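Structures for review follow.
Two complexes are shown next, each including chain A; its partner changes from chain B in the first to chain C in the second.
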Partner chain A sequence: MTSEPANTPTQRAVENLAWKLRRRQIVGSRATALETLLVLRQVISKSRFSSMEQLVTIIRAVGRRLVEAQPKEHSVGNTVRKVLHHIREEYHTATKGTAIESSSGFSISKFVLLGQPRKQSAPAKAESKGTLKENDPDDPDSFARSLKPVLMEAIQDVLDELETVYDNVSKSAPNHIHSDEIILTLGMSKTVEHFLISAAHNRNYTVMVLETAPSYGGRDMAKTLAAAGISTFLVPDSSLFGLMSRVNKVILGAHAILANGGMFAITGSLLAATAAHEHCTPVVVCAGQFKLTPLWNLYHEYGALDFSDPSQVLGFEEGSLVDKVDVVNPFYDYVQPNLIDAFITNDGDHPPTSIYRLIKETYDDEDNEL
Partner chain B sequence: MAATTTSTNETPAASSSQPSASSSQPNATSSQPSQKSMSKAERRELQEKQRAAKLAQKQQPQTGDTPNKPKAKPKTDSAQRRGSGAAEKTQSSGVDASAMDIETATNKSRSLRIFSHFGLTKHGHGVKGDIHPCIIRLALQFSEFRICGANARCIATLTAFKTVIQDYTTPPNNTLSRHLMTHLSPQITHLVSARPMSVTMGNAIRQLKLEISGSDIDMPEQDAKDLLCQKIDDYIRDRIIIADEVIQDLACKKIKDGDVILTYARSSVVEKVLLSAYKEGKRFSVIAIDSRPLLEGKALLQALTSAPPVSWTLSRDSLLPPPPPIPCTYALLPALPSLITEATTVILGAHSLHSNGAVFSRAGTALVAMMAKQHSVPVLVCCETYKFSEGVMLDGFGKNELAPSHLFQTSAQTPNLEILNPLYDLTPPSSITAVVTEVGLIPPSSISSIPMALGRITL
Partner chain C sequence: MAPKAASGKEKLIDEEDEVLQAVILADSFDKRFRPLTRRTPRCLLPICNAPLLDWTFESLALAGVQEIFVICRSHAEQVKNAISESKWSRPGSGIKIVPIMTAKETFSAGDAMRDVYTRGLVTSDFVLVMGDLVSNIRIDEVVRVHKERRKTNKDAIMTMVVKESGAAHRTRPQGDSSVFVLDAVTSECLHYEPVSAYPRTAMTRIPREVLESHPEIEIRNDLIDCSIDVCSVEVPSLFQDNFDYEDIRRDFLHGVLTSDLLMKNIHCYVAKDGYAARVKDTKSYESVSKDILSRWTFPLVPDDNHPGGHVYQHTRGNKYLASDNSVSLARTCKIGNNTLIGASTKIHENAQIAGSVIGQNCVIGAGSIIDGSYIFDGTVIGAQCVVKRSIIGAGVTIKEKTRIEKGCLVGDGVVVGPLAVLDPFERLSMRRDKTAPVEEEEEEDEDSDIEEIEANQDKTSSILGKDSNAMVWPHGPFDDDDEDDIAAYKNQRIRRLGDNGSDLELSDEDSESSDEESDESSEYDSGNELPTSANTSPLATPTFDALAPPGQLQDAEFVIEVAQSLERAFAEGHSVDNAAVELKTLRMVSNVPLTRVREAVISAIVEDIKIVDGALPQRKEINRVIGRWGELIDRIGGVDAVETVSLLQMHCASSERFPLFGQILAELYQADIVEEDDIRAWHKSPAAKGVGLAGGPTAENVQRCWAVGAKMIQQFDEQESESESEGEGESEGEGESEGEGESESEGKGESEGKGESESEGESEGEGESEDESESEDESESEGESESEGESESE
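Presenting the complex of A and B:
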């Protein structure tokens, strides 16, 4: 940020988004990811830099600002990391710096090394520069000028991925939902909604939607599904265990997928996943890959999570109770990887055990801490 | 007063049944023109489906309404029949059915059939004999959920029966022991038509039948009636009130200072246990978990937070400040996994006990017990032995009850969308640590020996 004077339009855009995130005017992982990406595009197109390091520093600074504004929206940080990863990739191909030597033959040692692909290619940076000239004292903008078009393209790729995420997730829906099955879902998740509706095009099945107190997102979900012609049952959260014995599959949405294969999801997800586990019912999570987060959650039950408005649980109409009782309304659950059977993403289906590899492929290790 | 509530309740139920009947009927009947092209088996299958759909349609509105007015009922039915008949007429002359229509019709009837047994209530259509006014009032209270909970319903029923018995006169050429039961059974049928009978009521009525048939023929009528009322009072006292006191004592021993007790919804016994432990001077906190449709936990909170610190402070030095009220935390069921880590003991109530050790209880109880088991928190179920029911139960799906839709429906009717509110679920014995009964704290595996513990030799 040092190179930029304050109060430029770009900086205002960043601040604007940061405040919107903080005030929760923008919520939901996809919405925040999209906004972040648009701001990043603006930042890159407007900023001046003469070397790769400068560009990375600028983007990181923006990313840090946004993540600090709303640390619970993990997709903001994920988008920044992804953009950084793409930028580096474009840079490496542009400089023709021997990206990753095509591995000849397969060996387990190479496979282990490939687990850290960035580490390997990092020294390549110092080598041949190709046509790009970094830190050219005569023409400091030449680097930016030659690189910007490819960077814009890279960002456009990420944007396209985000915009098509629902369609790509629901592509495999008919493989997962079969005729006459009873599917249980909860909360309001756009991804799950698209998944179920696209499955309804060629399958005839029944959905049970938990109301998901206290937000009651399930009611909206049930209405949308019913409007799409799916036979839908809206049931209260309490009936979960009783009905689970007749449920064939539990389909959940995610807020963020963690590196160990667990996930943050709306409250009620953990209860549903545990009940499904008890009945040996498969639990399937539908989520875009922008929710992959290089984070771990080993020690928190709900300390790392969010709380929302207690008046949804015990409103002021219960006047005599409100001041005598503690009301707890956590917003997210942490669902352990052992309770999840599969993640259906916009890029194939993955078991929770391979999430770490996806994360290694999607982001650069040095960006885990922005 | 009863009549006015009846009519206001009836109208929405009737009017809501009307469009749904006519909307689904076309789907089923619209396939008729194409019937000729079907094979015999296909035709039979279709007929079966239509019948199931019709049955389900009929049940849907009826689970909700308050059926203690046999006069209003036939009207609804005939209106429904007329409506569906009209729809049929218009449809059969109409256009041929698209495949999609059949598809949705079959789909609907199929999904309904899974739940069709839930709200199966016998209706007081052909109730013979007169219904006592106190039974009519009680039935209303049941169906409106003013009286709710296994104990409360059982006590209310028995008290009402006492009035019925006192107002009964044996007709000439008959004996009380033979005739009284025929007088009572329509009353019971009427109560059941308001809301399915609870296990507790079933057990109590069985006991009452036994007493009636065993009453002495030679006894003067008033004496026999008084004796029966006395027996009823004894039953309430021994099996419910005293039993609750014993359970309070036993469960209180499991509550220590500094404990965090987690409970679900509201059970009268659990409430008594918590209050008596508080009166004993134990300092613990309570996490009350609650869920729709009934949200009974709020009533528990009300009772716990307004607990007067009476005898405890008076018996001590007057300089001592009154003890603080029970610290309570309230959360809805989805928040349970976050709170279960803080609990030291889970205390739950029950609707009935089954001989395989399973506990049939308010919907959501099984989830609480499951989470507690996962976190190694002991689960105590407080339950009087008169809630014991012979026979095993394997899951909460086979036998259940739906909350009446007119009381708990939250949104307007939409096609394809059904709102179900099951009231009960079954907690498997594996997630229960012990059942607190008046015969002691027993593991769920020993529930089958309860009749033996009560001195019954034949199982």
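Presenting the complex of A and C:
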């Protein structure tokens, strides 16, 4: 079942986003997550449902449409899964009065957690308790009416989490970066940028930024960091290995964190991580929790790398070469879990080996296949 | 909170009342893809398993176009159905697509544009593209630039998108490139010239006006013309006004650039990044396919945003397989790089496929070799076949052990083989079923062709096999409407798939070189900004020689026309404005250079001066005519006083009004049509002395005219010194240039301490008026003396 055709403005919003994802008009994991969340909020607020199953079906249908439109933007699916998880939690709180403390048991991630407790879902609203009645034949809308404010709150929670993700990730920055260290990073990652800048408030350290061809995001990164008063070096990609012996820590951003503890990250990350591995330099990945991805293109790792056009590497005007050279220009690298030492998320720090646990806590298993 | 955000979103959609419109000309107006296009319009031919039109829609959607008009002519019903069945007509696609069926009489892009105008389709600036475009250029950026420019310059009516490519690029059509002359700063297109491969265009002519008004220009032959034009609403109306415009480039662009009536500008947008190309012919079909497979069109690539809505899995080496697991690949088959295989296709043992696109539901038999070929949906290829660089239509059956050489086009539904052997560049289509009911009227014009083809079947050397239902299309020039030219045919050949034109004897036309590529690169592409003189100096080209005779004919007619129209104007006393407009129109009609117009006008004016006895009446007569009509010389478009003088000289030299030359010149000077500097400049030029003229009375007269000019200049010099150092003695300051004279007179004024001289200098107006009166006297006496002298000599 897809959402009913009467929902044309909603439908249009969903299609609109699907097209934008297909056409790559929205890129980047955070931007896509935000857009998805906004569309989901619109869908939930406009749709009519009289039971939990119906609501879940509607959201899943929307999620499936969006994920199919662009399977390479993993955070779209992640956001949908997260919303479903929160909705279920809210629903259980509302009906049973107490949330099923699914995440309160023993957990390695809890064990590793550095101080900040997970944000607990707010206790249910008093007025909605008890009055909730599914499939009421007299008033089919009553279920939706009573649940909707709670759902909106749940989505708002997710939204808040997205909006504060940089701050939360960078909270622990001073614990990871020490004075007089030399940090190596690459690409333009907002999370890493915030992390480094927040560490610079109490530490005095040096950053080396790789240019990160062919997107050259590193140049922008170096500019921002230098503007924030951090002593910054912009170095060509080729000198990565030579510099690695002087580097104390490699800090990377991620596009998606996979359940096996590996990640997709901008091209060059694999190179940097391998070089770091060779020098036994710790590799730390900064990323928001919305990048945790339970499902990805496992058997076609190559195809998931998102190859963009060759013009960044070989100019179109090099006419005579175009016919003779096959250019492969992947946008992302797959970095294996054994090359990564730690993930710093807005939900504490985790080793790659416990990511699966984190994913289990964040999403419901039944949503893995949307 | 939520409803508020939602309403905000809707409002955002409403806010964009300025809808970006696009017009797609979905008809190619040529027949390069036949026989593939016999049953399907070209825009519905699949490229990488999606109809071309869908790629075009997707390209436009990427640019944020919201309303698209598709102008279709041939197989219009098919196009319409395809649009209504496509994903675009589903709600939520965000794009409104309106198919417009034009009349059968629409034979060119120009006709289609006139149709756009009469239907009033467009309301604001719109994007004009062809129905065979594949692009990922941000057209919205081009539109923004265009609108920005329109704010300051209302005459900038069109912006053409061109893409830089190297000298030899597979996507740059060899036979169909063009030379763009651009202003280096504003990238205004100043001149355009198409380059044809056969006969080779070896030179280009750049009009002098271009060099005069633009200090820095770029002459470029490395641009791919993407045929993406951002047009203002005026453009369709211009087509309406000029009913003879057919091609957008050759006629419209050329017309606008050469017209000095319209005063419109066309700009180019040189796209630095992004990709855009048209599928104009089978050769570009191949190159665009390759570009898509090697991801130049990203994000418009099979595994990402396939316009046909198929989902493909991208694997190492740019191999794309339909990702619904319906493709069955035999264990021993070999799939090479840059290959796309559609859903439900079966590849049998030991088959080898490289650089090819295989449609959906195809079968490739065991041991077959498919190399660089494009196979449409539902085609079955038997065992042990070889297909090289060919396009195989939909539903074709190729039976076992058939060999298809490069460049073949096999139409839909053909059956060939077994054991068939096709020569290179063979074109096959299905033999018509004699019992079938009469086909749609659309086919009528083709029927005669086909009958002819059927009649000539025995000539071919290809073996079609015993089960074949195919007929072979003839090689060589077809007797199509205007393509019955050998040159046109050879030109076409270069654009065929797999044909590099190497066997064409290009050298007989152009002895300098025979190699296409090296020649082109050395001539145009070695430096984009060649010194302009190098490009303009050699004038004679084969192309232009060919055009010369009709041009001369027109010239003669034109002179007569001008004389008549001016005669009428003189007789009926038209205003100068009206006469000027009339002349401009005449010029437009007969397409002659400005110089010819000026020449004709001057001669007409001179001839209008009646020869009267006596110096004073003659002077009055000249005064009357020049005073009344002299202005016209400068009103015909462009002021070039030096040329005016030399034309006057030439005319007078061969006219019975030769004696009046001095007087007329003086009169022109009085009327401010000719300035002193102009006369000096004319006087210095070698042509004024009659250099290069053969002997005879004319040359003599020319020399005498020059002598008159010399006297005049002498007088100027005298006057100058006179007026500047009045009362100082007339003999001083002779032959001195202006600046020097001035400084000297100043110096004198100071040294002698005369208060008078200063006041003299201040009241310049007075001084000038004195000058004039004096010069008048002088020139008068001059003229008289001349005429006297003349009569003596005669």
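For the reader, a short list of remarks on this structure follows.
We take it that the second predicted complex is superposed on the first by the 323 of 370 C-alpha atoms of A that agree within 3 Å, B and C clash if a C-alpha of one lies under 4 Å from a C-alpha of the other, contacts with A are read in each partner's own complex, and residues count from 1 in each chain.
By our rule, a residue touches a chain if its C-beta (ideal position, glycine included) is under 8 Å from a C-beta of that chain, and two chains touch if they have at least 3 such contacts.
Keep in mind the model is a prediction, meaning the values are calculated, not measured.
Once the two complexes are overlaid on the shared chain, A:V327 sits against chain B and chain C alike.
Once chain A of one complex is fitted onto chain A of the other, the partner contacts of A:K223 are limited to chain B, with no touch recorded for chain C.
By the touch criterion stated above, A:P351 is placed in contact with neither chain B nor chain C.
In the superposed pair of complexes, A:G268 makes contact with chain B only, with no contact to chain C. In the superposition on chain A, A:E318 contacts both chain B and chain C. Taken together, the two structures place residues 302, 318, 320-321, 326-329 of chain A in contact with chain B in one case and with chain C in the other.
Of all residues in chain C, those touching chain A in their complex are 1-3, 5-6, 9-10, 58, 61-62, 91-94, 136, 163-172, 222, 273, 275, 290, 294-299, 301, 303-305, 311, 313-318, 337-338. Chain A makes touch with chain C in their complex at residues 8-9, 11-16, 19, 22-25, 38, 41-42, 44-46, 68, 70, 72, 152, 156, 300, 302-303, 307-311, 316-323, 326-329.
By the touch rule above, chain A contacts chain B in their complex via residues 180, 182, 204, 206, 211-214, 219, 222-223, 225-227, 229-243, 245-246, 267-268, 270-271, 274-275, 278, 301-302, 305, 313-314, 318, 320-321, 324-330, 333.
Within the complex formed with chain A, the chain B residues making contact are 103-104, 107-108, 110-111, 114-115, 291-293, 298, 301-302, 305-306, 325, 327-339, 341, 362-364, 366-367, 370-371, 374, 395-397, 400, 410-411, 414-422, 424-426.
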